[in-house]
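Listed after this line are the structures, all set down as structure tokens.
Both complexes below contain chain A, partnered by chain B and then by chain C.
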Partner chain A sequence: MSAFMEFKDVDVHYGPIQALKKVSLTINEGEIVTLIGANGAGKSTLLMSIFGQPRISSGEIIYRGEDISQKSAHYVASNGLAQSPEGRRIFPKMSVEENLLMGTIPIGMDHADEDMQHMFTLFPRLKERRNQRASTMSGGEQQMLAIARALMSRPKLLLLDEPSLGLAPIIVKQIFQILKDVASTGMTIFLVEQNANHALKLANRGYVMVNGEIRMSGTGQELLVNPEVREAYLGGH
Partner chain B sequence: MSQAIGIDLKKSSVDALIAGLLALILFGPIVGVLLDGYGFKTEFDRVAWIVAIVAFGRFMLSCFLQTEKGIALVHRFARSDDGAIVLPPGHKSKMVWVIPLVIVIGLLVPFIASKYVLTVVILGLIYVLLGLGLNIVVGLAGLLDLGFVGFYAIGAYGLALGYENLGLGFWSMLPIAAIMAAVAGAILGFPVLRMHGDYLAIVTLGFGEIIRLVLINWSSFTHGPNGVSAPLPTFFGLEFKRRSSDGQTFHEFFNLPYDSGYKYMFIYLILFLVVLAVLFIKHRLVKMPIGRAWEALREDEIACRSLGLNHVLVKLSAFTIGASTGGLAGVFFATYQGFVNPSSFTFFESALILAIVVLGGMGSTLGVVIAAFCLTVLPEILREFAEYRVLMFGILMVVMMVWKPRGIVRVTRTGFASRKGASK
Partner chain C sequence: MDIVLQQLVNGLTLGSVYGLIAIGYTMVYGIIGMINFAHGDVYMVSAYITAIAIALLTFFGIESFPIILIGTLFLTVAVTGAYGWVIERIAYRPLRNSSRLAVLISAIGMSLILQNYVQLSQGANQQGVPTLLTGAMRIEVGDGFVQITYMKLLILFISLLGMGVLTYVIQKTKLGRMCRATQQDRKMASILGIDTDKVISTVFVIGAMMAALAGVLVTLDYGAFDFYVGFIIGIKAFTAAVLGGIGSLPGAMLGGLILGLSEALFAGLISSDYKDVFSFSLLVLILVFRPSGLLGKPEVEKV
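Now for the complex of A and B:
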């Protein structure tokens, strides 16, 4: 398998503060890769730097053989990358259907109907609420909507930023079950999570980020049993 | 009787006492102390009257709000339902028959109404255009623009100066002025793309002032505060003057007695058709992907960008389309007044247009039309109270924000559904 996306020695600065230090990371085609770490470790910074928000100060981000680190956000987003952003960021005053249609911006409306039906089989709750305003839904449903919206652009690589944020454990379980289903279709997924337990169980490979540096990497299973990871992120049990 | 419904007189008395005390603090120094040469004299009886009226009023209000009707009223205030009502896709309004009726009435107005009424209605329609333009920028795209009057000025001065320097008449300047204003919108739009909210408001406020100051100070070109005269529209080359230096005038050609009202009728009819066209275009734009992109950008810019929306294009399109509508309004304003000078394009004008959009309901077309007429026609009706115009404005604003914070007409839009082949 070839490297689908590769970070090479990426540095990111917020003014005088260095948020990412020489981060290198590889995502292969068809893989689920997860990046775990504590609050403020730089996980979301890494994800957003793919879209040039913030721009990286040195290094390269190679996506399918092309350095995209200096490209504009909409260029990146229209080339097979879709993300479900941190905090969901659905459009609160639009209906569920309209939110899903906003996801088709990069590819146009040609497959909109077909894809929407597909989303409704993947997320039956969204079908029940298709004409409802998105802000009136529960947090879990909104997260499902954010993921479905990202999938509407038929991405080659799905980027997820903390899909478990602020959700009840039972909903988190549901969300991860759905991610498993999505992954089984061969989708490449890059998952940034604080919920290390769920993330590592789902992922093929994982990276652990501490203070802007990649501290450890390995297969999901390896990291899950690693005593250091268990101590720091899995509550020591 | 009052006890039966359960009015708490003690609570009302406390309310009244507090209100009275506040009135005393507020009005005591302002009303009670009167300057008299270098000294002052005190007039405590006036203060006492005011305080008594305020306290009594508060007491009555407090009692009323505890009755059933009052409670119902408070509930209406407190309703915090938010945002647009989304109708199911494919919804057809039952009110469609109103549109032809309005068009027919609109076309009949100049033949029925007096000249005075006609001029007021023309002014109302100009503000409708301005409101519709700003509605795209503020109401739909969510970019707070306090300098909208700048585009209005560009349109108006475009007509006046284009006529003076290039000999271009109303009909050639109408599209050119719209394009000029659109270009100005794009020029303003570029540097402010990264700004939001307050910062954007300050920059646009500055833009409006820059335009006005340039008009005042570049006197060799714009004639400064003296202003420039603007031409009237022509009817297939026929002028609306009493006598024309070149060729026939309108009344001579049709063998009519001269009447200065004809030009207003004609301006009105063109303006009415332009407003209809703008309304139609705007109605279509909202349903097109660009309209939804504006609304999405207003709701969450970061989400839009992560979905691959080119925010530069979307913002600039809102700025340019809004600005060109403002430019059109400027051309009509100039030709209707026959004269433009910089004092017509002060910040107050921008605030008025913004008030139209906010009162009408952000993003609501019908609301903007109603509000534009209210805010231009009301001052004409209430000419006797001209001194209190701004005060009444303020009161109207406060009442509206309490009573109907979403504006006169709440935005109701038809949900969007994909149509097969729509993107082809």
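Now for the complex of A and C:
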């Protein structure tokens, strides 16, 4: 296994406030890595900094041997990185199909039909709603759409920002089951989550972020049984 | 009765011209949230390019009207589109992350620059093009008749064709999806691999091209123009865009038609001296009672 993506001493500032402090983190090819932490710890900031939103103030983001920290968002996206962002950010006035087609921008329309059928098998709910306006769907369906849209670009590294946020436990379970299926195809996944229980069970390795710093790291199993993690993120039981 | 019908015909052509120009206002507003006050002057520039194109084509000995028409349309739309691209590049893109006010003032500056540049290079006098298409058809209605000139028919046909093609492009093609995605969520669009700066440039070019269509048609019909013609028609088209719901493409076309029709009816039945007063009173009324326009959605502050 080789380092697929590596954050090296990444700092991010919002004006005078430092959101990330010397964050270093590695994702190897074929791995599922999760970053857990409380609300406001800086997890989403780290994910968005990959696309230069915001730009990091120091450090490096190495992706397949290249520092992409100063590249434009569309350049990064064109090189095999796809994100299902926080808040889903589907296009509300577009149909489900159109939203999925937006995922094909980096690779062109050649596989669009085939991949869309694949998404419909993975997420049967989306097939039922294929011609519906995306804004009329439930939160869970919108989350599935956001993940499917990211997968439509056949990413080399899939970035997921809190896919469980605001969803009913049964839907969360469904979504994690699908993520497990996606992971079993060998795709590299970087998952940012507050739902530490689900995330650590799915992941090979995990990092814990507190106030913009990486506090702990280890395999998913190690963190799952770590007393500190259990106390802070798993409700202490 | 016949005067109502006559004014409906006139209003329809006038309205389709407003609609064409309104497209530029509404698309630019939709994608970067600014009112491009230089848009009326882009229309004005296209009137001059029309005259130059006609002069060029006749200089090369072309006399057949269809060829002159197609040649003029092609040249004017292409050159005006280039103007749209350059204006965005030099006056708006450097201010992409500045306040809205800065961009607005830059737009007013651009408007003045275009007017003065044309006045300096082409002279302040009114210019004209020869009438190339004459003739009309008459339809008997009761005791009177309605007269439709072939030029008016041509305006209607080409305007509707232009709007139809544009609607297809926006609704059904990849380029259209990229425009709509950038309009709905620019940041997300860039994360999906869309070069949003390029999309914004494209929108300016499309807006300028639609204004150029209007410029060619009106200039061929009306004949005369000067460096100031963009102002009043620009404000009217802006009114049409607001009437239809600024940011909405079908809204701009609908708003244009409604404004043109009601203005022509007012001019024909009540007073042609006060038709501008009527149009702008309409604008005030819309802003008071339905600020988001006919097809616009009220803007909800994002949390």
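Rule of thumb we're sticking to: the second predicted complex is superposed on the first by the 237 of 237 C-alpha atoms of A that agree within 3 Å, B and C clash if a C-alpha of one lies under 4 Å from a C-alpha of the other, contacts with A are read in each partner's own complex, and residues count from 1 in each chain.
Note that in this section contacts are C-beta pairs under 8 Å (C-beta built on N, C-alpha and C of every residue); 3 or more make two chains touch, one makes a residue touch a chain.
This is a predicted model, so every value here is computed, not measured.
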Fit or clash for chain B plus chain C once both are placed on chain A?
-> clash
Contacts of A:131 with chain B and chain C, given as first, second, both or neither | first
Applying the touch criterion given at the start, work out whether A:89 contacts chain B, chain C, both or neither, answering first, second, both or neither.
-> both
Contacts of A:58 with chain B and chain C, given as first, second, both or neither | neither
May I ask you to decide whether A:116 touches chain B, chain C, both, or neither, giving the answer as first, second, both or neither?
-> first
Residue contacts on chain A - larger count, chain B or chain C | B
Taking the superposition as given, does A:70 touch the first partner, chain B, the second, chain C, both, or neither?
-> neither
In the superposed arrangement, does A:219 touch chain B (first), chain C (second), both or neither?
-> neither
Touching A:97 in the superposition: chain B (first), chain C (second), both, neither?
-> first
Interface residues of chain A shared between complexes with chain B and chain C = 51, 53, 72-74, 77-78, 82-83, 85, 89, 91-94, 98, 101-103, 105-106, 109, 149, 153
List of chain A residues in touch with chain B within their complex | 51, 53, 72-74, 76-78, 82-83, 85, 89-95, 97-98, 101-103, 105-106, 108-110, 112-113, 116, 131, 133, 135, 149, 153
Write out the stretch or stretches of chain A touching chain C in their complex.
-> 51, 53, 72-74, 77-78, 82-83, 85, 89, 91-94, 98, 101-103, 105-106, 109, 149, 153
Contacts from chain B onto chain A in the complex sit at residues 82-84, 86, 88-89, 292-293, 295-296, 299-300, 302-311, 415-418, 420, 422-424
Okay, in this complex, where on chain C does chain A touch?
-> 174, 177-178, 180-181, 184-185, 187-196
